[in-house]
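Look for chain A in each of the two complexes below; its partner is chain B in the first and chain C in the second.
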Partner chain A sequence: MDQSGAEEAAIHRHPPEHSSIPSGENSVWSDVSPLLEAACRELRDGELIHGDNFNLFAAMSALEIMDPKMDSGIVCKYYSIDEAVENGVAPVPISSDKTIDVQCTIDIMDHLLACEATWHNGHSLAQTVFSCIYLLRPDRTSSHAILHSYCRVIRATCKAVVSVVSDARTHEEEDLFTMAYGLPLHGDGDEKCLSMLNAVEETIYRQLRACKATSSKKRVSEDIEPLQHNLDLEEGFCKALLCRIRFPFFPCSYLYEKTSRKRLGAFGTCEDGVEERTTASGRAPIGFDASLNSRSSAPTPPRAIKILSWEKAVQYFLKLLHDLDIVCSYSLDPSLEGVLRFVVQFQKSKPDLIARAHLQLLLVQDGKLYGRDPIFAVITKAAALPEVTKNHDIQKNEYIVQLGQLVINMLKILCTNAAWQRRKLGKILQDWRVIYVQLEIAFRNEFGSVSSISDDENICVKIFKHILNWVEEQTYWIASRYLMLGFELDLYSPNEYCMVYWYMYVVLIKLAEKTHLRISVSSGTAKKKGKKKKDSSKEVAKESRIPLPVLFLQCHLCLAEGLSMMLAALRNELMVLQSPSPFNTEHERFIQHFELLQKACVPDNISYLSFKESTTYTRFSTLVMYNYFKNAQRIAKEIKSSFSDDPDRLAEVRRLEQVAEHNGVALNVICRVGALDPSLKRRRRPNQSQNSKLIFGRLFFGLSPDFLIPPNPSLSLSLSLHFSSRIL
Partner chain B sequence: MEQEAEKSSIGMGSSGGSDTDGSEVVSQVRKMLFHRMLVGIQDGRFFLGTFHCIDKQGNIILQDAVEYRSTRRSSPSPMEQRGLGLILIPSSCRISCHVDFSVDEQLSLLKIKQ
Partner chain C sequence: MEPNKEERQQQQEAAQKAEFDPSEIEYVIYGGEHHLPLIMNLVDQELSEPYSIFTYRYFVYLWPNLSFLAFHRGKCVGTVVCKMGEHRTTYRGYIAMLVVINSYRGRGIATELVTRSIKVMMESGCEEVTLEAEVTNKGALALYGRLGFIRAKRLFRYYLNGVDAFRLKLLFPIPEINPVLSMIAESDEIHTHDQIPQQECQELQQGS
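Let's turn to the complex of A and B:
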């Protein structure tokens, strides 16, 4: 670098003022170096020459030229892409030897795939995919059919992905993702890339057939030029290329690839066991240099990144394809409830940005569900209103319009990553609360007090009532999702589980209540027209014909209550899982966790005090009396048969049942141990209760840190053994 | 960079940024402020911007600077350019420095040199 710098100095001693950088009109460039030098000599230490607009702090933010961390323009090996190309960095064809050429093409394909995966994982295009010089100069490859078509497809894919992700606005999660300034994302004729790739695939397929025919001594009728000249390697190369070209369509080919790699490994240097390689062969690919376009992305150079290994890239793409497959095979359930369940289920597999962006675009297009169902129609369906209301004028009411917007926002938020999603859900809770109040006021203004109007008087009244109830139900649904996501993100510490489960319990009560009301009203209006609502809901309860979704919620509810009570009892009687944090009180942590819920009054009249009231005096005796886990287990058993056609939900109910059962056992064991071993009860001081703390801590974690996670049966078994041995 | 900032903050105390008003050379340099300045550096790049500040060590700050660089190692070659904004050019890498002067200004400059 220094040497070349000196050379440059010699060449560029005289500035090109006369050629490319013009001076102003009627003015000339005059050399001021000696003058500056003289002036600097006369300046005192620390003295500056500057104008009135000088600001030291602003000056501090100046980019320092020639500082490798600030100056992305430092001339590296090559001055420009063209110069690199002229120096043979990215030759076309890659080699005059056809065998080596094919081999290098495969390496380039592999590395491009690794680059693409790295890009999807949050790095800039310029540093990843477009570090490929063949991509930066699209026209150069036109004589090399395989490379040319592959590059075109990669470019077109990048363009499509950028557009999906920016349309879905999920790129806010990854700000680097959609930056493509100055990169040739669109090459002329890229729209024909697929047919080009198909043609190439066809040719290679024929070459493969031809070489198979020759090896089995059959004569081939058509005269086909082989891919390369080494006949022993022809079949392997053909297959390797086909795998890569078909990869997006046939992910299974990866499995085949693993076996065929051995054969390819016989050729050239194959370093197996090197985890960081970005190509299947382990060779470095030809034609990549990320420094060449570093100037186009930003004035400051980007941080150096590591490209994902080939293995990881393939794994990433297999998962992406699997996730996209789920999105594509989704049946476009017209009910909002179904959509929400699908999205929550989909999110459980932690899909990546690209898959989530696609899901969002599928769900919300042009402000409609699936770009097909108007949002008001979706709301009327969700709120269990009769079909006719779909076209009612009430949808022009400004609050109803706002509500539609909220629903769309919620759907979009549910498609973001867990952390982002939780934050946003917490924030929109307030919007949902506000829209509820506004709707209620609008409703009152229009129709007077609720009680003075009989049910059938006005369809508007009915619509409003249904929608109000549904808005509340949805608000509690969001709240419960918000609380659940906290588990997924590991935001709660074990000694906070008690309050979290308690809060979840109070939210679930409300949710179950609203859901029940909605379902019973809709079935009530359908079946028993004219009957008063109160009666019908009573009747439903009497007949114990509790609807399935409500039972499902009740099962959750029993578990949440049981867990929170068990934790409270553990704390009250055995002094385990207490809050030992010296930094903040339990009350403060309550506020920290539930501030957004409290702000939005979800649910009403719930505070730290009510939490304390309901848990301070909990004892194991009360727990046994109420039998929360037994109830949960019973409900789970009851509803299992109803979900026999839905494997996902069936699995969920099974897990609920399991957790209920295990915790029931655990509770029994604790109670018996407590009864038999009064010393356990007496150990109240922290230094003495270390042992029991450990036991119950483990017991609890093993069984139910979250009722979504299946408990570990072996652990609970070992624990019960442990306890029975103690009891004996 | 930070060192310079510290040092310069001492100078900031003096009125107008400099006490050496008496010196002919310094006042001449002060006249160059806000003129277009073209600075060449070792690796062959040029920076064109508004002359904003210079310190005792000869480090120059340019405002609204544009970077020019040749696209080939062999000169002459076509130049590529991009905007950079506020930049600091350390004196150590500077190899040439030109200011855009009108003919009159050029003449007065010559006088001082003599």
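Let's turn to the complex of A and C:
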């Protein structure tokens, strides 16, 4: 490089005219373009000048200056908010014509709502809500009561939402969400925003009454200045403003307006592309510029953000309000089992971040359930320990304290999105396993061998035993949730269903076992259980006394086993769903899918080998013999009546019953196909095998989602029909 | 003049299917700067995400042996760009970009390209191979599924367009237990009735 030229270039300084960052004491702005140009002349293709700590990887995150897609410092239109304001981008009042001013205010409100929904859906606050210049300069709007109060409420809402989400913070989903670098989230006097909004609402309501009275030629009781001067539009405008102001509190008013939107639309230009519009009128709002804030949206380069349409924004908020309503009306069930069921049920409707954050804050506060119940008391109840345990010194045991922390972590994780939830559940399985082992060791150290002490001898022994069993039960519950979420997230492909259902089956066996033990111990029948085992007549009597939660699990268990065995039989006898791959085998796929379960020994002594042992020789005759689906159906029928007061669980049992029934039918059909066309049982008849592959492939898609997600009866039916027509 | 609907359809069909025999496709390992514009054009053309030249150089300068190009009569019609290295406790390969131009898709070019890279990774001692694909990219998911990849994780709103991604993983067998060579021999048979995906591209997220 030409050294002197470069130096000369470097000395040649041009203070930038519009720099928003002033020079410091020891620094000055200088134009490096000549230096760069001189350097570039010396470089050939593929060469790079770099320091020791700058490698190719670092180069990858280089920003290309002056590329609008990457350079967040690039000036788009205005250098600063002030400059935009000076150029009349966000006038106050918006128009000197009051009618137009009201129209424009409504557009701004609509667009802000769309921006807020877009922010909630994962885009930066700076480039959505705070693209509104009125929001960025809180003082400017003070003469415009409606706009001013609405902006204050929006700012306050954003602040409140950021605070809820940051308090509930569990993972990176919130990082971008809560980032508010230098944005004026808090304006002086924002705490009074609700009373201001109330006053505005009151005024508009009076204006509405006044204009209604005028139109019906009644006497006007008060002397009220109208909202604007076009009397034909007065009522519509008043209503439009009222429902916007009231929306968060009375969503139905917004719905009302959706139906009367056409009338409002008449004032704007009616164009195509309603679904794209961010305002009800379809006009572009005044006073927004997303580029002004792009420097605040770091660390990611600015991105062109597509603001959600007004329709979608309203839909989003209606769903949010519905979800929040569920959270608010939840009865604070004191049992952990109830809490878990509620959270799992709530998550089925795929609530968004804000609703999930609220749920989490409701469940866990100050390390207590609902900020109310000490976690040890919750564990005591969940593990069916005697009441006295609540105040027992054992809660000071370090492992018991850790266990409490694990329960809290689990609750928090269950409130996150399904993808993240599954990853974290997989990881905490190990923690639960470790705490079990530590508790067991602590228990042994303190009390010696379990068998040498009778239960009554020491309350501590009892507590430890119960807790150990409960820790295991909870571990298997987490494992089953982990496996189930894999379906929801579409992580399994059809040729893996067999092993997934099989693993689910082995986990459910353990879960049912632990649950049964807990329930029978708590009802005092545990001791009798062993003695009566050989008495077959009493065995039947005992069968009928199997607790409901255990029967429920057994129903799941039969289905999982049945599905796994049916898939294995299909593979073994009809050679479908085999998946040879060039680089690895089913064994590696098994290791990968169940890695976290295996690491945590959930369950013990389960490996690919045990999977192969239980499925390699499965035939359709085995399935017919064991009647998995019929058993599942029978149990479902049996327990249905017990859930008559719980519609969610009743629906779940009904689904299980349906799935069992459909698969029972499917199994019969498959067996008959096999009998009618023995060639199907032989391998390598390409056409036949292709056909059966097609049929069975489709059949499975009907099976798997049925098991977890609301069933699709029409699909199942069409599959059966499709199937029968092939046989005929 | 704007072509009418029928003509447009015919043109599209012609564009969709290039006529060629698979044996005419020539596969070439990355050979230097002269290949770089070809790769960049292809990726820019077919993938939505714009990558800076630094991103391409990062990959092809450090792992030229893992990048391949497919040519048909001198025209570059597909490419794969990868890397490998330590990741936590494992040595893993990573498929960064895989592209085949639209009219050449569905004929096994992407499978061949990516298979070549994976073989090099395996020979270089990688224990596993990983990549991300959009959950909506059925073609890519099917392709990798046939190669033995599992969907290990779902990544919530991974791409800037808000779409989730799957992290796909391929675990190689531990050589002592399962001799790899015998399986590759077996695989030839499978490839003969391979069903080819419609779309075979997947994207790399910037800065990951």
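To be clear about the criterion, the second predicted complex is superposed on the first by the 596 of 728 C-alpha atoms of A that agree within 3 Å, B and C clash if a C-alpha of one lies under 4 Å from a C-alpha of the other, contacts with A are read in each partner's own complex, and residues count from 1 in each chain.
Following the convention adopted for this analysis, a residue touches a chain if its C-beta (ideal position, glycine included) is under 8 Å from a C-beta of that chain, and two chains touch if they have at least 3 such contacts.
Note that the coordinates shown come from a computational prediction; the quantities given were computed from them, not determined experimentally.
Colleague: For A:45, decide between first (touching chain B), second (touching chain C), both and neither.
Modeller: In the superposition, A:45 touches chain B and chain C alike.
Colleague: Can A:64 be said to touch chain B (first), chain C (second), both, or neither?
Modeller: both
Colleague: For A:609, using the defined touch cut-off, is the partner it touches chain B, chain C, both, or neither? Pick first, second, both or neither.
Modeller: neither
Colleague: Under the stated touch criterion, name the partner, chain B or chain C, that contacts more residues in chain A.
Modeller: Touching more residues of chain A than the other partner does is B.
Colleague: With the two structures laid over each other on chain A, which partner does A:79 touch: chain B (first), chain C (second), both, or neither?
Modeller: first
Colleague: Could you say whether A:493 touches chain B, chain C, both of them, or neither, answering first, second, both or neither?
Modeller: So A:493 only meets chain C here.
Colleague: With the two structures laid over each other on chain A, which partner does A:33 touch: chain B (first), chain C (second), both, or neither?
Modeller: The first partner, chain B, only.
Colleague: May I ask you to decide whether A:24 touches chain B, chain C, both, or neither, giving the answer as first, second, both or neither?
Modeller: first
Colleague: Contact-wise, after the overlay, does A:548 reach chain B, chain C, both or neither (first, second, both, neither)?
Modeller: It touches nothing on chain B or chain C.
Colleague: Please work out whether A:441 is in contact with chain B alone, chain C alone, both, or neither, and reply first, second, both or neither.
Modeller: Neither partner.
Colleague: Using the superposition on chain A as set up above, list the residues of chain A that contact both chain B and chain C.
Modeller: In chain A, positions 45-46, 56, 59-62, 64 sit in both the chain B and chain C interfaces.
Colleague: Using the touch definition up top, name the residues of chain B that touch chain A in the complex.
Modeller: Against chain A, chain B makes touches at 1-2, 5, 7-12, 14, 17-20, 23, 25-26, 28-30, 32-34, 36-38, 40-48, 52-58, 60-61, 67-73, 75-80, 82, 84-90, 93, 95-103, 105-106, 109, 112-113.
Colleague: Can you list the chain C residues touching chain A in their complex?
Modeller: Those in contact with chain A are residues 33, 36, 50, 52, 54-55, 57-58, 61-62, 115, 118, 122, 135, 145-148, 150-157, 160, 162, 164, 166, 169-173, 178, 180, 183-184, 186-187, 190-191, 206-207.
Colleague: Can you check the complex and tell me which residues of chain A touch chain B?
Modeller: Per the touch definition, chain A meets chain B at residues 4-6, 8-9, 11-17, 19-21, 23-24, 26-40, 42-51, 54, 56, 58-67, 73-75, 78-80, 82-83, 295, 299.
Colleague: Could you please specify the touching residues of chain A with respect to chain C in the complex?
Modeller: 45-46, 56-57, 59-62, 64, 69-70, 121-122, 173, 303, 417-420, 422-423, 489-493, 496, 580-585, 587-589, 591-593
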